[in-house]
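Pasting in a structure now, in structure tokens, and then I'll have a few things to ask.
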């Protein structure tokens, strides 16, 4: 009969109306500034740089200025300038570091490709999204100082991933140390066997 | 962007007293209000955006209006399709050169006081598509933008955050005095020239009176 | 479905005057194609659509490709017998030639009725400047309508016989064909804080004599 | 306490007493003027506030229908952290719209463009004059109150036409045309749906119509016209026509947002837009008030035992109920097309309303039937309306039915 | 009706819609030209239609494109193969997952790249979830065009948010998932994720039932959509219309069955077909396809094998396919989504072309709308389901 479809519709909306008072399925509003949705572990917004030590962020950047991310970044929003000198990284090896590292967040498309291609686990994705601003030239270009965040912060926002990365880095470091040790031992043995021959330069 | 020079007023009017002072008076039971405050309260709680989506960010703008995020809580769910009734233009998405004249025309059709939010990387700077030949590198080349919300696309919460910032900005606006809001000053333009379609690009490519990126010297 | 060679053979039977070249695709996809001479393109297209064994009633994709002029270095190796009777000598003669550029329109045809395909056909213009006219296949497959307009817009191929050949994406006053490889983008590089590589070259004139990337705020530690 | 004492209690008399008390301060020759002015101011104040809260109620109810919260944090300008559940939202909107720049398009007919919102508000307010808000509360006691109401109500559509025509906007023009088509189509069923009541009560006075609905069977079955076999269909026709007259969803064609931007309002900004907005709600409120008056017993209490609650409170409650129903409809239904809109009016509502007039006549003729005859009277009366309803409904929806689909083999 | 009539259709001879009554000739009335868009509430973005009206009736309708032409193809030709992947998210921004897949499919064909089994299953899961997102949003928008006060749209978005949350917790972004890679997928879902997805899918039919109860039988809805915007099969095929719009006209052509790309051949699902090709059929195709998608998803969750999600030979950086060309296509939620790639052996594609279903499905828009009113035109446009990012690219 004419009208039955309309009445069915009215019943559905009435159900939703009533449900909005008692059924959390039918009242899904999250009152944003007061309540916040828990961002998932994988959430990504803009990249940041990891520093090993929070007290000396610029001195302990993991980034070695290899410029892979600069090249791979699809919208080309990363700029890196290599340092002229080298300084020791966490393992004590001498490495280049970025004299300039800038990301233009007004261009960045949060695609995470920089993170994927980084061989040093130096750049990761941040979760901060409340960054509305009134001046795009000043506030949306992030330089090295504003990009650097300590490893502890990384653990805070991506606990699972950070633990995995740290484990991997530690294993690599250990392997490197083992190798160095073996090399040193071999060198020592060689030196003991043939004291006359000058040892070959140690390979890093 | 246009921060007028702050000159000290010798006799601060009621509207010019600071928040702290007002809080202090409040604690003593004195309600200090003024026409200005009432006006700003009304405007900041009734921001009707223009129903106008350009690209990907428009979906997140719609999402901000849906049940989960509910922009209605701020009194801003009345998306007016006609610019005549809108207070806020959310430029949500890539502004192409073909679209730019229309966007500026819409802005010109909006009555004062009006505000503009550039939502997402594309609206701010052209974003990932800035290398494209038909993409305008930022809507602020032609119209003044109050709030920039970076992200690609920004979460609906980020849009709400931008809206809250805009509300704060409106609440801090003054109607008179040297720091008066833009829309009260007759010398500030309300309409902006609309570029023409040229043979290779828009003519002109930017509004020089409005858009001045910092030069490296100025920065250093 | 018949192989492309069989189709070509049948086409040549039907249109003996037409020039139909088999274009091999060296990649793993091995989607070979038929290069069809422009003068017979419409008839051949109609034949492909109406042929009962093929019934290619659906043109999925029509696209333009720009092949600019290219200097090709041919290396010809010839073995010359040593007149002295020694081992034959291999001589490499390098000849450079200018391969004239052309614009190409590629159509991917399928059959919805027989659920088969694709058959890829190509049409080529004579050059990239003045002889850029190709016959439109829109009267055969309506789906080419917007796609051919797009090719006209972005590549500048003029499709004769198209019912409504206007620019599709760019505005009407626009002069260039932006998808061509030699297109120069308009200069709007005033603010490029992360310029490097090609972008830096374009941005340099806008930056001051210092030409240093902006925002060198971070000092060396 | 006797019934008379109940219906004439202090609360019932309070508004009148207050008015008389104020009027007495005036010199005698001016008292009639004061009398009317106070009435007008009271109506404006009450329904102005009512309008404000209708808008927030609509926004909140729609929000709840859509599983969200709706405006809830406007608060007050001078107290931080106070939200008042967003009840101050309409006042914020009012302040904003009042201070907004007013744009008149260069090409517009300036005079008509200005007049349209004024007229639309004026006429929609005039309709309140004849609504009996309570036992003793009626601004003007007119004998031809119903005629007056419809005359004033129809004028608002003309104002919409003025707005659409004067804006010189193509969308506005289309909206204006639609508004006229809608006006002509729905004025007829609206009036025809009221005719049975005039027939039964033989009066055009709204107050008398309400009085005619007084009384209860067994003390709890009110003698409202909606509970009669001719009154209920008339009420439904009235509801549909009222929705169309006030341009509400599903008949919001003149300002069809998804088709015509904002229809006749496209070129209106600031205060003038607010006036239209206000007029829309005034019109809706007035039509709902008329519906309450004609079909839902006006200010009469639903149960005899509840008579101690003053009559104007009952009127307001019923009015709110009607408005909530309209909001509910708006939250659910989709828009008709213009040809379907006119078809619904001319091929369905008008014939049905005409039949219903006959139905009412039958009801009057058989007023003396009682006992088992009463049942027959009900059955015949119901048949007169239900059978045509089904038949007309079938022709109206001929060719439209849900379908079943096949799947690919 | 046999859609495959042997005689060739003449595309411009007759419009498939009802013939336009020449009322204006009789009354010498003026025609009104209305430009709808690029800012219009129901053009779904910055699409523009220049409509010529006779009263309310359309006598001419010219679509105007390009307001969102953001040079995707040109940018992709200057970027590496991997670098274009996040751009494909922004093509059809409602269904980034399936657009990702279409691009990955084309590149995998171009490079001869194998994909492990688990990744294939994950791709199907993502593509079908995307279909649910797209179709539920579409019907929401369609009802918005039909004049509801956002209620169905908000119900649809309520469900969309649930799926979007899944995407976000897996890929990190709500809309721009950037999830597929050449040779597999980027992230392996955890068992908790799969359980949550399974639960969502199990509950989805309940939403559909409620939605249908609310609107499918509604008399106004029936009157507004049935018989509106008819499209017959012959014209539809000739105009290259694909996806649910084509199937609503009764043509059995679903690439999941025809090409059986991915592992679709192993799944049991049906392809719904319409009979009238009108707006109502197009709406119902979406509803029925969602029900079939739920079936596919349930099978996929049941059978999801363990194993790697990336082919070990796949390269992330320095990806250079051999010279050649490939056309990869799949059944996107909006129709046949194809990518045509020409490689010259360099890290960037020489030619990168998107075959946009949204654009080509608009080919017959004018013919479908003629003779109907302006109110129907927006509904017809809504039922075609376009996304401007894909139309203009």
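Per-chain residue numbering starts at 1, and chain names A, B, C, D and E are given in the order in which the chains are listed.
The definition used in the following text is that contacts are C-beta pairs under 8 Å (C-beta built on N, C-alpha and C of every residue); 3 or more make two chains touch, one makes a residue touch a chain.
Keep in mind it's a predicted model, so treat the numbers as computed, not measured.
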| item | value |
| --- | --- |
| Touching both chain A and chain E (chains) | B, C, D |
| Path length in steps (a step moves to a chain that is touched) from chain C to chain D | 2 |
| Maximum centroid distance from chain D, chain identifier (CA atoms) | C |
| Of A-D and D-E, whichever chain pair has more C-beta contact pairs | D-E |
| Core chain by centroid distance, with centroids computed from Cα atoms only | E |
| Computed distance of Cα centres, chain D from chain B, in Å | 39 |
| Geometric centre distance via CA averages, chain E-chain C, whole Å | 27 |
| Whole-Å gap separating chain B and chain E, where each centre is the average of the chain's CA atoms | 34 |
| Interface hub residues of chain D, defined as touching at least two other chains | 65-69, 257, 261, 331-333, 397 |
| Multi-partner residues of chain A (at least 2 other chains) | 2-3, 6, 9, 12-13, 16, 28-29, 31, 74, 76, 104, 107, 109-110, 137 |
| Sites on chain C at which at least two other chains make contact | 169-171, 178, 191, 199, 213-217 |
| All chain pairs that touch each other | A-B, A-C, A-D, A-E, B-C, B-D, B-E, C-E, D-E |
| Complex contact set, residues of chain D against chain B | 59, 63, 66-79, 86, 88-89, 91-97, 99-103, 257, 261-262, 265-270, 273 |
| Residue numbers on chain A that touch chain E, as the complex places them | 2-6, 8-9, 11-13, 16, 28, 40-44, 68, 72-74, 109-113, 116-117, 125 |
| Touch list for chain A against partner chain D, complex | 1-3, 6, 9-10, 12-14, 16-17, 19-21, 26-29, 31 |
| Residues on chain B engaged by chain A in the complex (per definition of touch) | 1, 67-70, 73, 118, 121, 124-131, 138, 140, 145-152, 154-155, 157-158, 160-162, 164-165, 169, 213-214 |
| Chain A contact footprint on chain C (complex, rising order) | 191, 193-197, 199, 213-218, 220-221 |
